[in-house]
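Okay, so chain A shows up in both of these, paired with chain B first and chain C after.
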Partner chain A sequence: MSDIDIKRISYLAKLKLPPEKEEFYSNSLKDIIKWVDNLKKVDTSKTEPLHNVTEKTVSIRNDEVSKSNSVDDILRNAPERAQNFFKVPKVVE
Partner chain B sequence: MSSNWEMVIGLEVHAQLKTSSKLFSSSPNQFGSEPNENVNFIDSGMPGMLPVMNFGCIEMAIKTGYALNFKINKHSVFERKNYFYPDLPQGYQISQFEFPILSEGYINIESGDNQKKIRIERAHLEQDAGKSIHDIDPKYSFIDLNRVGTPLLEIVSYPDLSSADEVINYMSSLRQLLMYIDVCDGNMQEGSLRADVNLSVRKKGQELGTRCEIKNLNSFKFIKQAIEYEFQRQINIIDGGGEIEQNTMLFDTSTGETRAMRSKEFSHDYRYFPDPDLLPVNLSQEQIDKIKPLVGELPQDKLNKYLDNYSLDKDIAKIIIAEKQNANLFEKMISESTVKPKFIAAWLVGDIFAFIKENNLEVNSLNDKTKDITDLLRLISDDVISNKAGKEILPKVLNGQGKPSELVKELGLEQVSDSGELEKIIDEALVGEDENILKFQGGSDRVLGYFVGKCLKATKGKGNPKLINKILLERLKK
Partner chain C sequence: MKNSISQIKKALIEKKISVGELYDEYLAKAKSGNSNSFNLVIDRENNISSINDSQNRYDNGNPLPLDGIPLGIKDLFCTKGIRTTASSKILSNFIPNYESFVTQQLLNDGSIFIGKNNCDEFAMGSSNETSYFGPVINPWKNKNTQKDNLVPGGSSGGSAAAVAEGSCVASMGTDTGGSIRQPASLCGIVGLKPTFGSCSRWGIVAFASSLDQAGPLTNCVEDAAYVLNSINKHDFNDSTSSNHQREDYLIDINNSFEKKIKIGIPSDYLEDVSDDISNQIDNTKKALSKHGIEFVDVKFKTTEYALSTYYILAPAEASSNLARYDGIRYGFREDGESLDDIYLNSRTKGFGDEVTRRILIGTYVLSAGYYDAYYRQAQKVRRLIKNDFQRILNKVDFILTPTTPNEAFKIGDKLDPISMYKNDIYTVPTSLAGLPGISIPSGLSKNGLPLGVQFIGNYFEEKSLLQLAALAEKELSFNE
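Showing the complex of A and B:
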């Protein structure tokens, strides 16, 4: 089992972790992975991965436009709104 | 010395497909609408909403498959690429990862005087993200989700490109092909076609170096600038004893420099997995075959046809095939008249394109004037009017100021092609020119020009120069 890089995981999850909790969470995650690793006991070398339980193909629609809502409906859940934009804390990559 | 170095480049091109609706929702796929106008609950990532595949996108992907010599895969799978960003409300981008719809294609591009085959690893369908606007407010970003869910075809080349010019040629060939098969409008300024450039350097003949990826370049000029800057940047680092770190770079259009974009400390982990909301795409051979006839003639087919059947000069033929609307206009004129294609082509790339450029018009806008244009060209090629008169009338015809034959009469531009009349004028012009006639017979060709000029002047410029030439020669040789 690979080591848990708890700093990287908390960064990817955008969670701030106090240093004294690092070991605790690191160990919890290790336990979870150890449990999931039970699956490795099954020999799958001759099994195709199953992406979906039905054999069917994706449902399709024709390329047609329909509008089902208004800008106001969409912005109703916005944390803040400026004219017709969502207004969010600045995130620049 | 940078001359020992060479660059190795692979391109990821994102082409927005010009469907009416989005990839997985029926919101309009439209540029330039009011903010958040084209957004529904699927696009905005509301819980419980289910994406439904737009078959128009599959059709366009298959057309692209034929045009770029791809293997068209009957089985492809949509997966979730997980990352957080405010303009991606789902929290993941739906894309194809392990099983793309197209694999192993290629196109041929020009490289110097030769053709070069550029292999394309894959092309897959995916969703575009929304737009963040950072420069309105110092503390806040403004989000417009209109672009969310716009269908993209990401076309990933092998690292077969080795100069900025090759990249430009590859990119413009792709653009031309996608526009020919009508799957992308090719408008780079509006972001319909964007490129990520993967570039590494190496000493000639050596192993591949570490690459950096320059994101989101949306003009040929920026692509060229970014490549030239990044090439030199990497050489400088290695020459200074450093090592290239694999990085994602941004190109700053104001300074012409590239700089690292993502924090180097931690790489992203997208945790791809098959999207449980979408079953795999399984196409039948029949579905794929049905789309082949929709591909139509490609630029290379047209080029061959123009050279072989119409005997056009290669340079002229290339200008005409550069854009599909040029070729359409040209072929419409050929089908509607008996004027020689070569003659039509010369006028098209000459005076007609000059008129379009001067007046800032779309080539398409002349589609309803083709009959008048070819009528005019008929008059010129039949010597009813001179070339010069044709040039004078053409803008009026293109502006819809009258029919060619009426304009010729109105402006009195009809040529004198009556040989009897011309003979009389020529005979008069030769009176008292014994000395010059002797000079001509003694071998001075220059005198002929003088005589032609004199005769033309006598006809007030309306004499048919070819005919005058012919009669003059007959007279002078006596």
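Showing the complex of A and C:
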């Protein structure tokens, strides 16, 4: 197992770990990854990955228009809104 | 003994109690309890039209299957107009504008929601200690250490504690790796995880979508059948919802089996277990042998890989599912100067330690260079685990295991995540295979705490699984 770059992983997960907690998470992650490492010894050369246990086909429904989720309903939960939009800080200069 | 759904319905039909009085009785318990099993309780005024409608149906002689029954709902199900938090800070102000499929079925059948049950944050935990709203306290006490507060198990810990303390008749939970069965066992009640694909996931806050499944926590097996009859339906809004024909789970539940039944006991599950745990299996075996049920020894080849597989797949799916919490569209926002700062600040401040840990694990096993070694390998091993179960279920009708490796432990006792994860050793393999499992109370430990056994059945065979559980329950039932 290679070293875990906790800064990179947290960046990918869009988390900003406080510096005093980096070691805590880094050690915890190392322990868990070491613990799950036993899977590497299983021979799966002839095994296909399993995505959906029941492996049934998706059922098809009729394409009928229905009314749900009005703009006002959705925006009621928004931390900040402006007219019919979610409001965020300026993204383009 | 607590009243079952059929006993309560009988009392309502015979007018020994009104729907309103029934509601008040449970509401008073929910409000006065100190187990912290509810994140939110719903006052009578806010349910008054449901209560009146239900009473009218009783008065007119045509009550619905769950009419007037006060239910708890794990705070992971979206409930229209009622705050739904997943016990997380990041959803602490979220009010859904729609009803989950499962809770809608329960409402359609006349039940009344008494409140939202506390749970582990985003259902990630086995002790209900990761909740943003604080831990839930198990109503049971260790007779040798009466003062200690014990965990109810998790993640549906609030649901289990609420049913055990009698502040709701039954509660809806969810199970990803044992989150219905393990707390049911530690609180001395019944917990059913149906086959993956039975009950729609639509409107349930997602944790690990290939594993999450809704199911009831109840006082008795018959109550579980009542709830399952309501919630087990095909739903177009969940692409993994199965469209097979459902049965009536109540009819014949108390009948004896027509054919000879064979149950497998995996000897590899019972290596190194305490006397308390092995006694549960011995007692169950003895009780059911009287009914002509045969027990055989079976041996799995994949047990040692189940937890590793689960702790790769579940965090991987969680890290992807929880990417939606960004502080922009709903939920908690922590301000920042840029858009990116809002994402980072909201997520960092909004998620607790265990959720953060699992997002990090998931992100790591999905990241470039590690995907094949961890995630893809775990998906392949998952197939081997499923095949292993199918091999065993070709030889036997059911599998009997302990539900948990230990009784309820003290709040704050297990700080190391791996020892916490090992709580689910008997429930995780079933979840990975997608099979149905039910935990029923089987006896008390030396410390006077409840323990349970788990019966595992074949895909979509909940009917015979409930029939077996009802038979075992009659033999094993114990009073508080």
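The criterion applied here is as follows: the second predicted complex is superposed on the first by the 83 of 93 C-alpha atoms of A that agree within 3 Å, B and C clash if a C-alpha of one lies under 4 Å from a C-alpha of the other, contacts with A are read in each partner's own complex, and residues count from 1 in each chain.
In this text, a contact is a pair of C-beta atoms (placed from the backbone, for glycine too) under 8 Å apart; a residue touches a chain by one contact, two chains touch by 3 or more.
For clarity, every value in this text was computed on a predicted model and none was experimentally measured.
Colleague: Applying the touch criterion given at the start, work out whether A:I4 contacts chain B, chain C, both or neither, answering first, second, both or neither.
Modeller: second
Colleague: Counting only touches as set out at the top, which of chain B and chain C does A:K56 meet: first, second, both, neither?
Modeller: The answer is both, since A:K56 touches chain B and chain C.
Colleague: In the superposed arrangement, does chain B or chain C reach more residues of chain A?
Modeller: Answer, by number of touched residues of chain A: C.
Colleague: Look at A:K16 in the shared chain and tell me whether it touches chain B only, chain C only, both, or neither; answer first, second, both or neither.
Modeller: Once the two structures are laid over each other on A, A:K16 reaches chain C alone.
Colleague: Identify the partner contact of A:D31: answer first if only chain B is touched, second if only chain C is, both if each is, neither if none is.
Modeller: Second partner only, chain C.
Colleague: After superposition on the shared chain, which partner residues are touched by A:K40: those of chain B (first), chain C (second), both, or neither?
Modeller: It touches chain C, and chain B stays clear.
Colleague: Which partner does A:E48 reach: the first (chain B), the second (chain C), both, or neither?
Modeller: second
Colleague: With both complexes superposed on chain A, which partner does A:P79 reach: first (chain B), second (chain C), both or neither?
Modeller: After superposing on A, A:P79 lies in contact with chain C but is clear of chain B.
Colleague: Do any residues of chain A touch both chain B and chain C, and if so, which are they?
Modeller: Shared contact residues on chain A (touching chain B in one complex, chain C in the other): 12, 14, 51-52, 54, 56, 58-59, 61, 68-69, 73-74, 77, 80, 86, 88-89, 91.
Colleague: Write out the stretch or stretches of chain B touching chain A in their complex.
Modeller: 19-21, 26-29, 34-37, 39-41, 44, 46, 52-58, 77-78, 84-86, 132-134, 136-145, 261-262, 265-266, 268-269, 274, 276, 278-283
Colleague: Using the touch definition from the top, list the residues of chain A that touch chain C in their complex.
Modeller: 4, 6, 9-10, 12-18, 25, 28-29, 31-33, 35-40, 42, 44, 47-54, 56, 58-59, 61, 68-69, 73-74, 76-80, 86, 88-89, 91
Colleague: Which of the residues in chain C come into contact with chain A in the complex?
Modeller: 93-95, 97-98, 195-197, 210, 234, 236, 239-243, 304-305, 307-309, 311-312, 319, 323, 326-333, 336-339, 341-345, 347-348, 351, 356-357, 359-364, 367, 373-374, 376-384, 386, 417-418, 432-434, 459
Colleague: If you look only at chain A, which of its residues touch chain B in the complex?
Modeller: Answer in residue numbers: 8, 11-12, 14, 51-52, 54, 56-69, 71, 73-75, 77, 80, 82-93.
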